[in-house]
């Protein structure tokens, strides 16, 4: 609001230190780039841990993430925090007058448009607990099927059988928990999205894409007539 | 999914017969058009009533709306039903394999990203009842502040004092019901959005924009790598 | 209210075109007829489909159903819409000043008096989704065990093994979902009611009976001192 | 079930000792009597207090009420407990194999068919607390507008201005709490029902009538083919 | 408040007539006794049944329990009703100006501090229904995993295999229902608490201890500066 | 669990840097000290801000708070985080195997034992939003009346009229929002507790006391037979 940047810029911050994850996010949001649209930049939080796997990791990245937001604020029209735990989301909203989107919050809200009950393919058992808590916080329990963990770490996403594993968890969310829309519960799973959707025949949401499209809307509409 | 159209096309259908409303929708979604993005066409349902003010109107437009969806389906990648009662939304989802977005459902889900409690500026007292029922159906009661009516018909939006009236209702939603994000509860209110946001200092959502950005994402991501 | 008909008349409309279903409804409500009580007439909506199996069917019958309600209104004191999707219920309530009861809404509310958690024996998998949405709309999720489908069409109710099939689904609602009261999720299942109740030892609700008794009360009490 | 009584008998028990209240209940349910229908007898619990105004009263009547149910069981097909606190309802359901209906539970469930949000005209401030607790227990909070007290004792219903008082409380339930259907929160208010409905233009439910019609259905359907 | 007793006294009432249960409660709360702390006395309600297994038992003990509370009131600063059905809790709160704690209510609220979802090891299938109803009444459904019954009577707790049985039910609450904190659903199970906690690696709550610590706080803080 | 400390020690950490607040907490929990009971030590987080007034403050104290917990862990049996935003609560539970109690979580759960609806006297308007979010996260919305702000900073609690101000806010929570139990929404308000309770005639909870009593129970019961 009031910042003078011709086309606008969206800054996506990967709060873990893995450049590979940042690159995967960058590819995932590429279809949301247009020549007249906002620039979309993906940054890595170098101070973050390799993967955000515990509540300590979640809370621990807020300080350096806040610093990075402050640093980028003057040249940014909308931020995306690209970790499915939405670390520091409400702090960020105090720091900047630009819109800030959390990828989990955005994915959950997009899911409401695509099915009756959303299921989340989570990385770890511990993430499941955090997701249950967060779904309650968002007031969305009535639309929540379940979260089920892959029980691999973030690094497990690199294995050859990762795709099969995601499909199996997705299938169980559908069969045993009544999910009819799936959410990838991690910033680095986007490359599996279309295959899961095709094989399981339900919509599948990549949370980085869900947040980025909200950011695009926010930038475009901020200055619209 | 599988349809071969280069850039994709979004068909927005205004289910009332008012060309003025269709024109206002067309202007509202203009910031979401890009040269490489999907074509966005706004159609008027000629068989609809001048304004959708009763449940009979809502139910009554489903048949011609369904016909229009069938007619446009071969050349459409995503539909938006541009009436805040989301008429025929679940029928439409049976008719076409393309995504279909309702502007109320999309506005409510966008609101979750922008505040704690959403309030709706409704046209009529009767719309308030329908909105309460719909918010319950969507499972979003915990995030719902209230709907308050302008108590003018759709035509009342044309009066000179319409802007003042919307501001007053918005202010009451904030002051008496705890809303911190407002939704314009009608397809034809978009031109008031920025003024209300500026004057009341809360995010204000035009539901046609909220649904169209979901449609844009849907089209772009359907064929993304 | 104010209509001058000596004993009163209840008009039950079967919105599908099957005369066999209408006949079965007529038999189901027969125990609720008394010589001094309201006349109870069961009509078939000739314009309806043979069975209401999709949302398109649900929405599609509203127009002819509304016409029939208008036609019967002058001689009717209370209407019952006898399809478990409650098609056109809120439109009907706008059309007539008489009370209108939906058989699903009535069955759900009767169930609250008979057990802790109600389970629904549904016809189709697609009906399950509609029922979940409707239970949320009614605000009754905390009392809802589940809906489970027979996965036969409406015509499957005619097969020799239909009774066994309903029993099996009812048993699963009790054993796996904690239901302690069952609802027959279709207007044409009434003849199985007593057998299921006897074999499974739980109350079983025929929704046409549930709505008709509300209609009887409505007619009798409208003119009571 | 299995008891051999030709037409069936409903026993309504007023758990307070006021014969005047019993007489008023008897008149209220008279429109639900038919020559071929079940006999409807209204009994006074002589051991009860003159009015049930505290939780101690509620709990205190369970023992004599249970004794009376045991005594009447052999000749009764359905019981109604005619106090808006539904005292001993779940005990009674253990004591007899006949159906037992509580007037509050029945009134709340009937209200779901007649409006979006029910409001209760309560006798005392202390009843309001009990009603809030009970509505939560029934899982009906999403459909509950509020309870507002007359702040007179049961005896206050006899005063000349009682009708005016009820109208004022009903109006406030509508205006300030969004109620569109009202429930008389006491067994002895039935004579005000039609006047309030006419003056405030919303459905008004007498809870004894609501429970009795359920009992009628229960008796008629228990032996239906 | 205003009673002049130097150190204060907590009266725990076991509403069943089993002295063995009272003795077990007395041992369970022993760690909450301090020389400067309130005296904690455990009384047996001689008029109670040997075990409280039905709703009739629950309602039946309220009268003698109320009498005992009245008798002890002058020398008591806080009461604990030591039956997991919390019989007469709200009556007791009318009878005395001292605080009254129900062991189920206290256990449920303590559980909120120790995990995401609480599971209850119940005695009987019938207790499960009562617990579901009570959890809804308390508004805690979102934090409730399930109750599962031992399906032994209260006396079954005395058998040699009782410990194994509790462990098996606890394990199922964790594995199939997602419980991460367990509640012993009976006043007489305390001696199994530490073993279950150690073997299943989750917090386990004895409800008498949960209520007594609230009573201790109440007594100490009533007169604190 | 397994730590060998004779009487046990509770470490209460005030995450703001105000020694005056720590001293006030120390006085508030004094009635919960006994000679045979656990030692209760109150520490100030020197790295904290003077008052925790924003989400940035909340998130910002987690790192030094975690360090302090790690440092004290070997000599602590239970921790209390003494800020009403419960900063770092779930991180702390990962760091230590001792129990950790948040004062808001504990206060909310204690309130369930003392009334139907709890109201919170908050410091700032911004705290209200955080409290609404947290109550939803805890799944306690059905028992939540409202939070109302004093609209003074933490320092405003020192003014001469602070007591009057708290009383006025408490009265409004009771009169306009139906609260029947009040919670002091800040660690430094304990000295007003008894006056508010006496003047407004409802239970009033100091959250530090609520958490400390849970900690006392935890320590005493960890090693109980």
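Quick notes on this structure:
Read from first to last, the chains carry the letters A, B, C, D, E and F; within each, the first residue is number 1.
One rule holds in what follows: contacts are C-beta pairs under 8 Å (C-beta built on N, C-alpha and C of every residue); 3 or more make two chains touch, one makes a residue touch a chain.
Quick caveat, the model's predicted, so the values are computed rather than measured.
Shared contacts of subunit D and subunit E, meaning chains that touch the two of them, come down to C, F.
Our note on geometry: subunit C versus subunit D, Cα centroid distance of 25 Å, whole angstroms. Each chain gets a centre from the mean of its Cα atoms; for subunit A and subunit D, those two points are 52 Å apart.
A straight line joining the Cα centres of subunit D and subunit F is 44 Å long. Shared interface positions of subunit D, defined as residues touching 2 or more other chains, are 133, 136, 138-139, 141-142. If you sketch which chains touch which, the pattern fits none of the simple shapes: not an open path, not a single ring, not a star, and not all-to-all. Taken pair by pair, the chains that touch are A-B, A-C, A-E, A-F, B-C, B-D, B-F, C-D, C-E, D-E, D-F, E-F.
Per the touch definition, subunit C reaches subunit B in the complex via residues 54-56, 58-60, 62-63, 66, 88, 90-91, 93-95, 130, 133-134, 136-139. Note for the complex: subunit A touches subunit C at residues 116-117, 142, 180. Partner subunit F is touched in their complex by these residues of subunit E: 27, 30-32, 34-37, 99, 101-102, 105-106, 108-110, 112-114, 138-143, 194, 206, 209-210, 213-214, 216-217, 220-221, 223-225.
On the side of subunit F, the complex with subunit B involves touching residues 129, 132-133, 136, 141.
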